[in-house]
């Protein structure tokens, strides 16, 4: 059994992590942390876990956690994450970091978009980006995996097969992304209370969302060319799910069927990508680790549609996918129910 | 024109008040207050008001407000309200108080349920309870009207015609009440964020909700007998609307049609009560000042169903109804659109 | 491996059945039926199943199904079910019937509430009612199990421990039940389109809902006394989940803690009942086979609150629980993920 | 008083029309039609109208309607509309047609996108397109006004000021449009039942939606150049509201503030366009006749965001705006509450 800890266990992604890890045959959950000092039981914070998990959340230091775990899923906010990760690694843990702190490989870009000096910048160049569909060979040996953002993985998975095969122009990509409200986290903010979000729809952070450089970096790395994207996120009155509608230009005149074939070939053997013929709906991937995608030609554009559950394939599910690869387990372990 | 101020203008009930008053032919809005010191424009807080109202919310004292207004709608939280009302009245204003501070006529009951000493207890006995369907004769001369709670008016309106006509037993009444989330106000709390409320349903404050003594008191006063109620509120994943399903025992064997007739007679001439034959749905009164109700016999019980828009008939609409009566205006002024 | 067929595979309960059975280690799905003649693939009807199940739905007779399966889950509408069940049984299958056709043990009561003559009335007296928390000893040997209704099991599970231990009066029970819209099925009807249901709440079938006699019958059988209930269902703007708020009278003066203890004792060893201290929310049992419940004293009443996922514990989950018991498997097999 | 009839009175846009016309000081509603033969009262179809309107819906021919009305709002489906309009006009009525039948001025384009031969093609060239913000001079004298589609007006209003002033390129426009479910109408279809739409998001009709040629035609006419658009509609789990996120390329380097100034100048004196600085949310225009819009620069694109209530500014509200202009009334009559 592999001893596993979760740092920052009270949020929504952590809840999904716990649910997946409880059914994982190789995992023993040994520690959950929170910055609260009252040591709440995890099933009082997430009552859905009653009868399943009665661990207490403790306010432990990274060093204390390192004594309790072989692997740590770090579900802390950015900045808090880079303060904990070095101690976890030096304590001998392998780390899957769900924050943004290790996703960008250039500290200057991090500082520009996140407004913080990166205090562990030396590690950025070598950190593995944990998107198994693109970087499966690097993940098994990694001690630190940067788990992708939810918008980013949904966008990247739809675009990568087209960019890597040279089918679309890398400099003319518009990503219109829509997310359920759980993507905003479990903190109480006026903007996410029910009466403000329900029965409403709006864009936010137009041109300034922090997932923008992450998408561009990973697609550039994967396809070996400079990729630029326009990215606009929207808040949709539903709890879970992301749909990215992406407008691209084909470099050659292929039919929809030919393009779908090329995408299927690209993802051959990847268990969590479903290239579908119909227009995918978020409800069909919510609760799963799948990314559903298709394409449509519209005027002079190729429209790529891609959707995921933001908390699973966009966070906890892909984290366990990375965990499985890091331990030589079947990639789907605990992820198909 | 009557100069009107609103204390506590940033909440949801205040927004509805502003929308109604903007179309009121006898009203000039002269002051909006907030405890924030940055003097926000009301249409930046409620963007739906853009192009309609550009007043600035100011942090004014009750005395300052009294100089600016003939009538004050007090949409402050309880306790804050009883701190402001004496100064408003002594400053010459007439006051419609949307808080709970003046609804109960016994200070000891107030202190028991609200956990605060009432600092203006002398006024409780004489304050008029602003439910025009029951107390229309007292409202015109009142200087201080206690605007009913949302659950209370919805419950009372359904039960009063039966209790006042002796058709149901006063000691065996169960009120199962369901409300949209806007009833919880506009403050950011974990319990009301979208991802917690959406796709979920639960009861809260079972046996302890503060509207319980208010319902019992008003029904007792109106019907001249001791009325007791069991009251259970629920939070429903919708923004607006209240439905009360009320279980009572008939004192004589009447048909549904006969009971509906007696209710129609009771409310004759009351413009905002609709006795309907079908089972009412909240969506049919949301956005209106109507209270829709019907009855059904079930086993040995009479089930009374009553619904309103919690922010209009349950708060802002009835407040303007009271305002109209206080000024000799048609009761429906600005309330039927 | 046990060969399993599902009759009526296109509805929501059938979808949940398929999802559970796909992870069941002892089950091979051998046939899915529909009355459509175009033989759709099940993953085109329910795209969430893509990559998981590609069976074709066929328009098979009961006799044809009996050749393909050891066990049949019958998810047909009432009437259709009693037309198929005799052939399934005589073909050697064991049957778990999710319709209402075999739940009532008196054909006259069936005909009164369902408006159809029962064409297989001889079987009613012996059919086992598939609520394992009450009838676990009878289920293992049964060839035909009548799977409970969703409202019924949620109501019964909350009330049974109190009635069976004589703690509440059997003749004064009010059940105020609230359900998500999936309970209305997957057929397109004006009353269930999004724009009619969303942001609205209403009661329906007050005093006439067909689950009423089922609840009374089962509670009477289980507790050995005549139980009567008032039952009022409501439609809530959410997809899944049922909450029953039940108003009862205690026969003796017990504290909430004492009552919860008595309930815990009653359900000792039952893996899917969670007696909780907090007020349960449907979101905490949606997606699970749990029934969460608690009690509160309010005035002279005991309020019992009970909730389930209407499609799982209220339909597909309990069906598999019955299946497990019928085959000597651990009751929780495939049901805790 | 102007006698007004509504053809097809049972749908959602017709309901909004009735609500607006009931408060219109110059209107008397004289006839409502339906193809049902049972003559339902309109307030039984739309219970929100109880106490407001008790007209009976009759199955009248266009000729019969023409005898009862000076002006007809035609809220029929396409094809049905062009069968009725000639008789209405020859019967002396002025007509505001909410269907698509008279929006396109080329019968061949109509037939291509709608799959029907246009049986009143001669009238297409002269029909006035009822978007007052662009065609206010033509509307007053028109006998037949083609009321715009909901997606189309929301898109056009955001883009027209930029195209008409040459600020963006006419051949590189992507419209990513999102609509609430009421846009799909009030008919019961599997795709719009609550359990299918709720908690889900998907695109539909990518590249094939019938509003595409309408947007291109009107923008081309208004700006005097060939405009082409890529248009992708999405279904959002909310009842009302449309948001269009539109990706364009600036022809000159202007700041956001300069562009907003140019838009404000363009719409000067137009009462229902609100150029806002913040990112607009649909909830702030739902229930109103406003179109809220803003712009953001993102990479090398100008993102234009525009939103409306699809049933009001996108249907019934603009129809009354047209009605007001046709009768020399203040454009805002009955439209600002």
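Chains: A, B, C and D, in written order; residue numbering restarts at 1 for each.
Note that in this section a residue touches a chain if its C-beta (ideal position, glycine included) is under 8 Å from a C-beta of that chain, and two chains touch if they have at least 3 such contacts.
Quick caveat, the model's predicted, so the values are computed rather than measured.
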{"item": "More contacts between chains, A-D or A-C", "value": "A-D"}
{"item": "Most widely separated chain from chain C, with each centre as the mean of CA atoms", "value": "D"}
{"item": "Centre-to-centre distance between chain D and chain A (centres being mean Cα positions), rounded to whole Å", "value": "40"}
{"item": "CA centroid of chain A to CA centroid of chain B, Å", "value": "46"}
{"item": "Interchain centroid distance [CA atoms averaged], chain A/chain C, Å", "value": "37"}
{"item": "Per-residue multi-chain contacts in chain B, two or more chains", "value": "180, 196, 198-199, 237-239, 280-281, 283-284"}
{"item": "Parts of chain D lying in touch with chain C, wherever the complex brings them together", "value": "12, 180-182, 184, 186-190, 192-199, 237-239"}
{"item": "Chain C partner contacts - residues on chain B that touch it in the complex", "value": "174, 176, 178, 180, 196, 198-204, 206-207, 228-232, 234, 236-241, 243, 245, 247, 279-284, 286, 296-301, 303, 305, 307"}
{"item": "Interfacial residue positions of chain A with respect to chain C in the complex", "value": "19, 23, 47-48, 50-52, 198-199, 271, 274, 276, 278, 280-281, 283-285, 287-288, 290, 292, 336-337"}
